[in-house]
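One structure is given here, and the rest of the page talks about it.
Should a chain be cited, it is by its letter among A, B, C, D, E and F, assigned in written order, with residues numbered from 1 in that chain.
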Amino acid sequence: MTAYPETNRHQVTKKFRKLGDLTTDEAAAAVRQSPLVIIPVGAQEQHGGGMAMSTDTVRAVGVAERVAERLAGRAVLAPAVPYGVSPHHMSFAGTMTLSPATFMHVLRDLVASLHDHGWRQFLVITGHGGNNAALSVLAQEYVRSELTFAWTPVTSVVADLITGVSEVHGHAGEAETAQMLYLAPDLVQADRLEPGATTLDDLTTTARLSRQSRGPRLSVGFDAYHKRGVLGDPRRATAEDGRLLVETAADRIATFADELLSA
Amino acid sequence: MTAYPETNRHQVTKKFRKLGDLTTDEAAAAVRQSPLVIIPVGAQEQHGGGMAMSTDTVRAVGVAERVAERLAGRAVLAPAVPYGVSPHHMSFAGTMTLSPATFMHVLRDLVASLHDHGWRQFLVITGHGGNNAALSVLAQEYVRSELTFAWTPVTSVVADLITGVSEVHGHAGEAETAQMLYLAPDLVQADRLEPGATTLDDLTTTARLSRQSRGPRLSVGFDAYHKRGVLGDPRRATAEDGRLLVETAADRIATFADELLSA
Amino acid sequence: MTAYPETNRHQVTKKFRKLGDLTTDEAAAAVRQSPLVIIPVGAQEQHGGGMAMSTDTVRAVGVAERVAERLAGRAVLAPAVPYGVSPHHMSFAGTMTLSPATFMHVLRDLVASLHDHGWRQFLVITGHGGNNAALSVLAQEYVRSELTFAWTPVTSVVADLITGVSEVHGHAGEAETAQMLYLAPDLVQADRLEPGATTLDDLTTTARLSRQSRGPRLSVGFDAYHKRGVLGDPRRATAEDGRLLVETAADRIATFADELLSA
Amino acid sequence: MTAYPETNRHQVTKKFRKLGDLTTDEAAAAVRQSPLVIIPVGAQEQHGGGMAMSTDTVRAVGVAERVAERLAGRAVLAPAVPYGVSPHHMSFAGTMTLSPATFMHVLRDLVASLHDHGWRQFLVITGHGGNNAALSVLAQEYVRSELTFAWTPVTSVVADLITGVSEVHGHAGEAETAQMLYLAPDLVQADRLEPGATTLDDLTTTARLSRQSRGPRLSVGFDAYHKRGVLGDPRRATAEDGRLLVETAADRIATFADELLSA
Amino acid sequence: MTAYPETNRHQVTKKFRKLGDLTTDEAAAAVRQSPLVIIPVGAQEQHGGGMAMSTDTVRAVGVAERVAERLAGRAVLAPAVPYGVSPHHMSFAGTMTLSPATFMHVLRDLVASLHDHGWRQFLVITGHGGNNAALSVLAQEYVRSELTFAWTPVTSVVADLITGVSEVHGHAGEAETAQMLYLAPDLVQADRLEPGATTLDDLTTTARLSRQSRGPRLSVGFDAYHKRGVLGDPRRATAEDGRLLVETAADRIATFADELLSA
Amino acid sequence: MTAYPETNRHQVTKKFRKLGDLTTDEAAAAVRQSPLVIIPVGAQEQHGGGMAMSTDTVRAVGVAERVAERLAGRAVLAPAVPYGVSPHHMSFAGTMTLSPATFMHVLRDLVASLHDHGWRQFLVITGHGGNNAALSVLAQEYVRSELTFAWTPVTSVVADLITGVSEVHGHAGEAETAQMLYLAPDLVQADRLEPGATTLDDLTTTARLSRQSRGPRLSVGFDAYHKRGVLGDPRRATAEDGRLLVETAADRIATFADELLSA
């Protein structure tokens, strides 16, 4: 593990506006100058024996700040929602979950508030895949409105860059750990990282069925995959890989946002 | 258009139990003999100028019946829910949409009812992609229960078999029309089929952004794709292709269900 | 049991528009030509030892199609809602119930969708008395809207024609069985029909109190009436009686709808 | 108008327990001694030019007290809910309506509270027909509970006693005015009573369709019946008729309750 | 205990309009003449061994009528809501509680109804402190509307006048009992009044923490204070004190309302 | 303004556990070792021309961390909820508000999650007075549970220490600005601080009525107080005063928590 400074988490160049840091006067100006609102959403949930439970929030914020920076003032960054939809991790102590309904209510209220002030374009960046379904439902609701509501996961937009990993990988595995080693190494206890399920043969039939990329969908609790709730081998992660994933994800999402702003 | 008999829609060999046809005594026996419940869900929404608005329900039922038949008595088939989540088609007359919340309430109530009678395994087959997000949310809710709640779309489980189609294809396009020509040719008015958006160049920036397979997600109304709300060229569809898609989808979903029943 | 062909269920002369069969273009035309929307709602619930659980849906659809036919193009028929409010039958296997709240959400969403397309007049035909209370609540809600929301049961509009039946009769009894023998004889297993409660003396005090036509209302589970959940003697039913009930109900409801359309 | 004393409204012999008057110790004793809870529900809505808007609450309480008295200690009387479901009167100033959902929430909460203390039998007496639909829905919900939830209107249990009235009669008409002249003559301004719609010929087609006793149901605002929102001729009412209606209704409901308590 | 006549409860000079007593025509006139609506809300909950469970409703109505009288026609008085938010008293038989959500729904519906008729100013007078939190939430909701929604407790507006009481006092104690002796002595059984917790030393740590006037808030059930659920010594109460509290509260609230009406 | 280092905000001695920083194994241990959960809740809302909109979140977290530190391991600190109930500030750009219902859903879900893992004691620290009403409602709901749910504002627990301030003071005034100068001086733009309403004479009648400490409650939008939405004169604030307020608030709340833990 390379000793990356903690500042990677918080100290990207401050070329973007954080709504929490602004005064109301500055916010009034931002409605016109920064027409895109980025809302990072994360989770508070188990990430194996060596990683902090705020992992998904940290990653969402880390990518969101970098996207905002790349947009050079055309976006404002709202305070992160540090809780997400995590029922599948509830058998692990410390996990906190919002119901999908609550999570959707929160985002509807936040979007409606800023809509009242004149914003029309929203991009939610989620560090947690468990939020995807609720975000998809929200996106459907906004189809009939005048708002643009886009959302994106972090890791899956750079899935093509994830190589040399175990057959089964994902939650708290190689890619997430790499991102944390780059963004917030103080939240990774390297000596406590241990592999979870790494091959399909490790899985029960039910668990294996839930991992099919094509075909019927089945959701299982993460204790059904492995007693540690980990998919993959986090020991293989490096901060350098994390940098690649985080910065490329930010590039790609910023490109998307740029097109959206120009549409 | 080949003259396929209407009976393809309803007359697969009756080797499976339809809950609507059973008496309560037969249902009591089925709890033990047929531990899997299959619930087809569809939509009532525009499918271009030549196809019936019940298309997604017809396809869900068609595949569901074939899956039930392949399971040879180990599944019961519940009455189809003929309405789904279709806000993105509401600019086209005749489309009827349930809110995601209503759609989820319906499925929760149906599952709870059969759970009361002793069933524990559920498989929802949706003919309409607009239902996917809500089904994903439901699947998350059931993770913490004793129930198994699986769900599957129809077309995407056979996406690898869809070849020779336009660059942009999907809703009311080649694959869906083919399925209907096989399952219910009386609901296709072949002389009124006309192409919708077929190339990415046909699309506005916003519409194109919403079609990226990787990357941020954006939902748009289907009038944003094309004035007819069609993706692809339905005139290319053949009943033979439809047979391949429908029967292979049924094969694959039945294989999944079989594993689930044996787990 | 007379051998009535199965086609009675589905094959009334196609002089009416089924929304599920229409294309969106045809629906756009129907808004003006067919200003009344008929929505059949049924139930999935026990109907004794010899009748299918879809009985109430079949009857609702059977009557609704005949009403639509009599209106000669001035009405469109929406896809039937095959589930209703059936908590009082939940002690019998296979019964599936929506909560009253869910049932109302479904109808509100369906009506709102078609209202968006321009329809203003709605007639719900319910084959299941358990839906009446929720429909009454909905009707109250629409009083303050620009919509006309009417609804009707099937059997009670022809109650005066039901003669020669047992003292206690009703659910899965003479009249419902007769209608099924006419509409869908394949869903009646005549050799398994057996009488339920037929006289007031058969009933417990509580059950008897719930059957008073005048006076305080009391709802009980149908197992409180009889172990088979049947009221009356279905063996007395004939298809000829069924024809009278179904066709007269359709006549009377069509007359009502005609007046409504002319108002 | 005979000069009946105001005390008819409040001063029936105090042989019954009013929950509002009891101490908690007395309530604890009443759980066993008075196993039936009677909850009067009314409305705050227009009752024509000469009658108070609390009419339905006054009548519900008047009958409820008399029923409680006849049960000689076996029932307790909860405080009346003075608001009901009255959307159909909202075009008349001063009408206040609860939504059906709110009304049901109130009753669920009241019943649940007393259930917690040990009561199992509930009888709601409504002076307002607009509450009937919501009460029917509630009754369905309680079918699957251990509670007995009965409910009754006031006037319709004595409909056979209403004679010599106009062809169209009902809201704020002969029977309701008579009851008020008996129960609370101070709330009737006899010189301002005036007839509303009295014959079917007075009604528009839509209004007439909504008054059919048999056949499809249609709800209309009461301004659709008559500009005063009155059905019938309240000037024909006498306190003597009111006494007959009120006391007989109390007799019949008490008989029902007595059987229920003995069941 | 002085023998105050029962009429103190109901018979303040009728210089104000009770909405329940008005006809709809009189209500139509009142919209302009009496622009303020006063809604009394109470509770049905234990008040110790000697006081009626309707105590909070009686006190709310008593003060509300006096406020209305002082406003000399500029206010109308709506029917009292006789149930409130009382979960903290549910361990005592006879207490009935609305959930905070239900309570808020009721008030929203009542306010919306009168808003429809043209009223814009509302003052809720609560006799029960358990309603305060929900009323505060409602007040926040109305900030963004055109309505004025004010609310007030009864006793706390005259807290400076309560002297010579025990160290711990409050629910069913000196001040509430005094008010009842003045307003409705028939609902006080003087011989059954008994002291509850009167000194902080009587309380457990948790109970004491919940009584701090400054500092963190903690809510406990009233059985945690004292087995009788009483705070203070009701035997010290006099009707004369009650008169002072009630009439002064009415004076102060009327002054507030007067300023509001003139603003 | 003294140059206090930014680290006051985040760098109190790490003698307490932050749930977001823990692994699930550490959380499992904390259930027993740290039985109290502290949840800071803030707001995103205008705080005048010179202070950041995250002010209330920063202050809640600042105090919460200090309370946790004083409890020396017996408490864990959950991730802060950075949004609150702020409708009264919505006329100022950048304010984001959750509805009271959403805010309550969030807290219920968070508490329920940790309850599932074994925690029983909860203390919410709110930096925003607009959250108080919803927290009071929640506290009522938990009275009937096995949970202890306490909550506290920040400033009002040290109201006795606020001296030498303007007649009208509060939101974004002397005390809040002082706390920010101590906790996060980088979020205060001293040169843009300007006085808001400082005397009662500055206020309209309605605004003045809403500021009465005793008597009826009235909520108004903060634009009704002053065009800048500020109460008091923030220019008088010093970091030294802020230190006194923050550290004393932490002392007092920790004392309360300590007693609660020992009860």
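Everything that follows uses one rule, which is that a contact is a pair of C-beta atoms (placed from the backbone, for glycine too) under 8 Å apart; a residue touches a chain by one contact, two chains touch by 3 or more.
A quick map from chain label to UniProt name: A, B, C, D, E, F = Creatininase family protein.
Please read all numbers here as calculations on a predicted model, not as lab measurements.
The minimum number of touch steps linking subunit A (Creatininase family protein) to subunit D (Creatininase family protein) comes to 3.
The minimum number of touch steps separating subunit A (Creatininase family protein) from subunit F (Creatininase family protein) is 1.
In terms of the stated touch criterion, subunit C (Creatininase family protein) and subunit F (Creatininase family protein) have no partners in common. With centres computed as the average of Cα coordinates, no chain lies farther from subunit F (Creatininase family protein) than C.
Centroids built from CA atoms put subunit E (Creatininase family protein) at 50 Å from subunit C (Creatininase family protein). The distance from the centre of subunit C (Creatininase family protein) to the centre of subunit D (Creatininase family protein), each centre being the mean of the chain's C-alpha atoms, comes to 30 Å.
Mean C-alpha positions place subunit D (Creatininase family protein) and subunit E (Creatininase family protein) at a centre distance of 27 Å. Residue numbers of subunit A (Creatininase family protein) whose C-beta contacts span two or more other chains: 90, 99, 101. Contact topology of the protein chains: cyclic, one closed ring where each chain has exactly two touching partners.
By the touch rule above, subunit D (Creatininase family protein) contacts subunit E (Creatininase family protein) in their complex via residues 19-28, 30-31, 44, 46-54, 57, 78-83, 90, 92-99, 101-102, 105-106, 108-110, 113-114, 116-118, 187, 189, 192, 229. Every residue of subunit D (Creatininase family protein) that touches subunit C (Creatininase family protein) in the complex is listed here, in rising order: 85, 87-88, 90, 99-101, 123, 130, 132-137, 139-144, 148-152, 156-157, 159-160, 204-206, 209, 212, 214-221, 252-253, 256-257, 259-260, 262-263.
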